[in-house]
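One structure is given below, represented as structure tokens, and several questions about it will come after.
For clarity, chains are labelled A, B, C, D, E and F in written order, and residue numbers in each chain start from 1.
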Amino acid sequence: MIDTLAHLAFDPNIVNGLQETVSQHSTALIENQFRTDNLWILVAAAMVFIMHLGFSALEAGFVRKKNVVNILFKNAMIIAIGLLTYYAVGFNLMYPTDVEPGGWFSLPSLGLSPGEGDMGTGYGDYTFWTDFIFQAMFAATCATIVSGAVAERIKLNSFLIFSGLFVAVCYPIIGMWKWGKGWLDALGFIDFAGSTLVHSVGGWGALAAIILLGPRLGKYTERGIKAIPGHNLPLAGIGVFLLWFGWYGFNGGSVLNANPEAVSLVFVTTSLSAAAGAVGAFITSYVLFKIHDLSMVLNGILGGLVGITAGADLMSPNEAVIIGLIAGAIIPFSVVFFDRLKLDDPVGATSVHLICGIWGTLAVGIFGSAAGWAQLGNQAIGIAAVGIATFTFAFLLMFLLKKTIGIRVSNKDEERGLDWAEHSMKAYE
Amino acid sequence: MIDTLAHLAFDPNIVNGLQETVSQHSTALIENQFRTDNLWILVAAAMVFIMHLGFSALEAGFVRKKNVVNILFKNAMIIAIGLLTYYAVGFNLMYPTDVEPGGWFSLPSLGLSPGEGDMGTGYGDYTFWTDFIFQAMFAATCATIVSGAVAERIKLNSFLIFSGLFVAVCYPIIGMWKWGKGWLDALGFIDFAGSTLVHSVGGWGALAAIILLGPRLGKYTERGIKAIPGHNLPLAGIGVFLLWFGWYGFNGGSVLNANPEAVSLVFVTTSLSAAAGAVGAFITSYVLFKIHDLSMVLNGILGGLVGITAGADLMSPNEAVIIGLIAGAIIPFSVVFFDRLKLDDPVGATSVHLICGIWGTLAVGIFGSAAGWAQLGNQAIGIAAVGIATFTFAFLLMFLLKKTIGIRVSNKDEERGLDWAEHSMKAYE
Amino acid sequence: MIDTLAHLAFDPNIVNGLQETVSQHSTALIENQFRTDNLWILVAAAMVFIMHLGFSALEAGFVRKKNVVNILFKNAMIIAIGLLTYYAVGFNLMYPTDVEPGGWFSLPSLGLSPGEGDMGTGYGDYTFWTDFIFQAMFAATCATIVSGAVAERIKLNSFLIFSGLFVAVCYPIIGMWKWGKGWLDALGFIDFAGSTLVHSVGGWGALAAIILLGPRLGKYTERGIKAIPGHNLPLAGIGVFLLWFGWYGFNGGSVLNANPEAVSLVFVTTSLSAAAGAVGAFITSYVLFKIHDLSMVLNGILGGLVGITAGADLMSPNEAVIIGLIAGAIIPFSVVFFDRLKLDDPVGATSVHLICGIWGTLAVGIFGSAAGWAQLGNQAIGIAAVGIATFTFAFLLMFLLKKTIGIRVSNKDEERGLDWAEHSMKAYE
Amino acid sequence: MKKIEAIIRLSRFDAVRDALADIDLRFFTLSEVKGFGLQKEQRTYRGSTYDPDYIARLRIDILTSDVRVDEIVSTIKKAAYTGEVGDGKIAIYNVDSVLRIRNDDKDENAI
Amino acid sequence: MKKIEAIIRLSRFDAVRDALADIDLRFFTLSEVKGFGLQKEQRTYRGSTYDPDYIARLRIDILTSDVRVDEIVSTIKKAAYTGEVGDGKIAIYNVDSVLRIRNDDKDENAI
Amino acid sequence: MKKIEAIIRLSRFDAVRDALADIDLRFFTLSEVKGFGLQKEQRTYRGSTYDPDYIARLRIDILTSDVRVDEIVSTIKKAAYTGEVGDGKIAIYNVDSVLRIRNDDKDENAI
């Protein structure tokens, strides 16, 4: 009997050893998943970076030849200033560590450094620095959105000051309301990747700016609205395709890990909404203008992308198609609408980012797994609160600049072109 | 004795617990690998998306200034239509669920939704939606190939109808023969990432279209063949580099998981074949024309990429170099050959995608681990079957369009340029 | 008692089975991590590939219209030749298998094939082919750097021969000193991703070449230095943004695995240094020239990127900002300095890659976790040794070419433009 | 008949076109030219300032009958005027004859 | 000697060049100009239709001896003709003298 | 007054401009034109060689007083000369009158 038992009685070290190995495996498994998740967010950050090239190309293509150097210069500086200010204060403003859920504002500390364990699995699905860089790439986009709308007439210095403060102060405080676990989050407001928090914020900033800035010379004449065609549509086309590409990082990365189910759904809804946006704009622009307007289809794609951004993870592909179609269809109407109001927006930033951003945010209350009257109400509250706050901030800041250093170049400089006036350079020889 | 045993006698719960943990680990390990594999296919899908920008830029660069808006418009719409139709019917046509191996055709159901477990490891190495989006990105490429060949003279509406049906019906049915486990697959035909199934399909469609469409005005005159140079070679160059980049997703993603050995080999064969394609075209174009023709080297790179696509996973790097060299060397001959036949192809799509696609598919029977007479025979059967089917489909469809709504713009519109005729826009101001 | 024990006496097979499963898990865990690491290096390689497009666009934008085809042709051929020669001899030269640590040179064997187990975890964190393709993408960059500096006047054939030998022989031998475990590595020289080994090597090659080549006609006249503006600044802008994007692969991939902590830190230091480079160049160029010079800001971004490359993994984000600021601030001075020396460098390659490469390498001895006098000394030795060797190689090779087939086109061809002289093509119609 | 050739500033073109339209002159031919004159613009590129010598200008060519010359010239003069160096020149030439390609109109009728 | 200045449609250029070659006139100078005239083209951009006022046209300048003027003018007239508004104009000027830079040919010899 | 119209090679422009500056002539108008003449350039594209017919050239227009014509013409002739086919032409026309837009200078004063 004892013998029988004896041969069963193996060394307990084996089991101890096994236990230890298995528990190491548990850690290793978590770390492997962490490694993959973290990698995805970094790759997504690089893809979001490409959106800045997309914006630059789009905006450069949609302005006149004489303002191309200026728009490139502004965009190169925005991404630089955006990254640096977000590093200095933005990230801390947006994600306060002394997290007080449901708050409105929290005083930031200056500069960033990861705390104990923040570079490992303890921080979440990615490291502290991954978190920062992914968010930082987002931050600069909202200033870039403004840059297109105010193109061809704003003073470089005023624009840089405006952008710097917009990115460093306004964007992160608003973002904190939702993504930093502030009051909008507590309310139940939903904005997956930023239809409102990024795109509408940019759009409201753009709206405030163009109201104060006024239209380009010769745009709204007694003889009616004069089109001022962009100088290089292939450049604009490249821009839109790159933005679409970058959006896979923007939306796909906003899953905040590499969850196969979630990320692949987001890729599909993003793709289908963009495609439907093209079709929507194709149809309405043809119906309205009897013409196949490339600039509208390009904006329609962007509209579809902005539209799906708030609910890319909540929508079925069918719903994504509907959201995109509507977003694309809105674009031509919206462009004409702003023109009627004599709000001059050379690249259509207000239509694409503001209007479709609002539409996308509302759509979360209408379609998808979160839909419902209560949700729609919350979405509306979020839209309104963000709109009022951002518009006010942007308007006051621009107004202050207008009354001090001035925001608009002289008529002569505008006629000559900002490339000459601000850079004494030419884009093309 | 008993005492001795006693200290060995640990709680069986420990082992039970271990067993449970270990079996959780087994699942977690599979899920981690799944996560990485799925991530790679999604990233690859985004890279394939960039190929659409590549095609747009290449084609825009190779046409005349007056047709640039039109080519951009077509390419933006193709990707939109391609994604939507592939979602509606294409994917179901290509990958029938009531899988009847060895079949020719299977009636599709409309729309897509993942079945039970299709978003997890049960589906394979990636989720259902990942599968769809990766395949959808492929689908639209074959229509884009046609768009280059028919540039500068086709009616926009006819082209959009043609492309829509080509992507929605022709491409997936042909694709099903091999990738949907149809009869070509059963036969033993090999086409790794689509030298035949994507590129030649596009090429045959292009050939049928340009036969029916006729050459551009002024291309083949009594005084001989007149070159009609592209208007912007930097744009074409950007396009080729972006296509090369995207091909890492196209071929690398076609491994269908992130297997390090397979994916890294595919990266190497793809790179070396593209490089050798440049050298092959450099040499032959110099020998033939005594000139360093950039457009030929750019097409040579694409030829090398198309050439390796069928066997990127089967070739040694040395063989990849040979395949690329030959593909590149073919290009200048092929371009001249089509010109002799008065088949006008502004971007060389037939040479790059059709001829090099055929070459690459045959090469699988000549080089690499699958080489052999039997395989060569199978490859030839596949090429012929796909060629006949696609050419017939495309020819009949184009013919129908020609007899009904017409496929060619008026001479006056062609002289004026499609940008004016179809869009009343200018690409450049 | 026995009974008590008996119920504990489970089947030892269970434990044996567990042991086996757990040991399979150990392997699987390693393989999963390997899969993720390998994937990242491959994605990084594709991103480094995009840098070639970045260089092509930047250089094409900075030359005159009449030399655009030529610069595109050269860049397309360089990447092809670079990949092929690195495959043939370069990789073996740089990473000798008969590893003799601390050596200077090792005779390479021809061609590559992975040894037993080299495609698996035995090789390291990635496969043999991944290793090769990532390194191969690096190799060609250094020749591309030269191409910009010698633009608009060098003979195509001489340039191709020079580049081929430079990439095949000079770059890998120098690289072996550090990355192939040669004497510089033994010394303690640090160069994370190649401020010296890639960028300065390219910069020294460029310097030797432009000394022998002389300036472009009409650049340094009796009436002073004449600016020869680039023909297309949007193209240059696209190039810089793409280079920045590719740099995430260049630096991030140089971690050589997907370690979340390391890769995310590298992303952050790279981003902040680039951003600070823009700001540095913005400020100094405004102070020096009273003008917002876009070309300087673009070069400043590149300077910041080159500067951080040597120590991207060692610096804190604060230090990265300082390194970038200084790098960017150097650029305008350096450009003026080379102009004073009548060394004509149309794209600023010497300033960006040579000067900022030196700065970045020195910075490792000044800032970051490795800083110290000893390290600074080692860095200086490395800079000097690489400088002397590369400059000598490049100078002798160019000198030989100059004395034999000639390196400079005729004045007439230069006036007419290389597009006409070497290609009989035009970039734009 | 006369031909009036006016070299004007880019920025004054809209004004000139509208002023001409007001005196019911809507037919002319425009070319983009480079003017070398007193006015200079300095540009900067990569640290070297350079003088591209020329300033982009527009040339308006108007074929007209002798009687309308003064009216047209004074209209252009007024609309193109800024008073700063670089406003440009107007030159008047004699024309032997003018034809309209579309029909058989000649000379005064063809204008 | 005379100078013939013909403003023609872009789309007729090949025909005109070939017709001129047929009467053995192969030397001329071409410029791209913008024509403001009766013919209008409306373009659309982002929902606003706009009239760019001008239509891109070509100007052919031919220096020729007095005796060839009629032949050349009628050749151009025929080749540039479509009958629709916008076919363009031909103007003829007197030339004082012509020189060839390459050698000492003057006037009739230099053409 | 006369108008001198010189068609020259692109590559000779710097020399001509400097030579004119040396005789203190700094005011002129430049246009980019396409010359069709004896000189031909063959270009290749995708295997077909083609003859773009034209060669890019520059046209220099100078308004000047009668007395300076010879000096200017011979200066241009010397500076634009290479001796190879394609050096270009110089034509001289009579000008009725010239005005400066900026002030009331007329004719000789306006040049």
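Please note the rule applied: a contact is a pair of C-beta atoms (placed from the backbone, for glycine too) under 8 Å apart; a residue touches a chain by one contact, two chains touch by 3 or more.
Keep in mind that this is a model prediction, so the values were computed, not measured.
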item: Starting at subunit A, fewest touch steps before arriving at subunit D; value: 1
item: Chains touching both subunit A and subunit C, listed by label; value: B, D
item: Between the pairs B-E and C-D, the one where more C-beta pairs touch; value: C-D
item: Same or different residue numbers at the subunit D/subunit F copy interface, by half rule; value: different
item: Approximate Å spacing (C-alpha centroids) for the pair subunit D, subunit E; value: 19
item: Separation of subunit A from subunit F, taking each centre as the mean of its C-alpha atoms, in whole Å; value: 54
item: Subunit B-subunit C separation of Cα centroids, rounded to whole Å; value: 31
item: Residues of subunit F whose C-beta touches two or more other chains; value: 31, 43-45, 93-94
item: Interface hub residues of subunit A, defined as touching at least two other chains; value: 2, 5, 9-10, 15, 18, 22, 25, 29, 32, 36, 39, 43, 229-230, 232, 238, 291, 293, 295, 423-426
item: Chain pairs that touch, as defined at the top of this document; value: A-B, A-C, A-D, A-E, B-C, B-E, B-F, C-D, C-F, D-E, D-F, E-F
item: Residues of subunit F defined as touching subunit B within the complex; value: 43-50
item: Residue ranges of subunit A in contact with subunit E within the complex; value: 225-230, 285, 288-289, 291, 293, 295-296, 332, 335-336, 339, 348
item: Residue numbers on subunit B that touch subunit A, as the complex places them; value: 1-2, 5, 7-10, 14-15, 18, 21-22, 25, 28-29, 31-32, 34-36, 38-39, 42-43, 45-46, 49-50, 52-53, 56-57, 60, 68-69, 72-73, 75-77, 79-84, 87, 111-113, 119-120, 126-130, 132-133, 136, 156, 232, 235, 238, 422-429
item: Contact footprint of subunit E on subunit F as seen in their complex; value: 2, 6-8, 31-38, 53-54, 57, 59, 73, 76-77, 80-94
item: Residue ranges of subunit F in contact with subunit C within the complex; value: 10-11, 14, 41-45
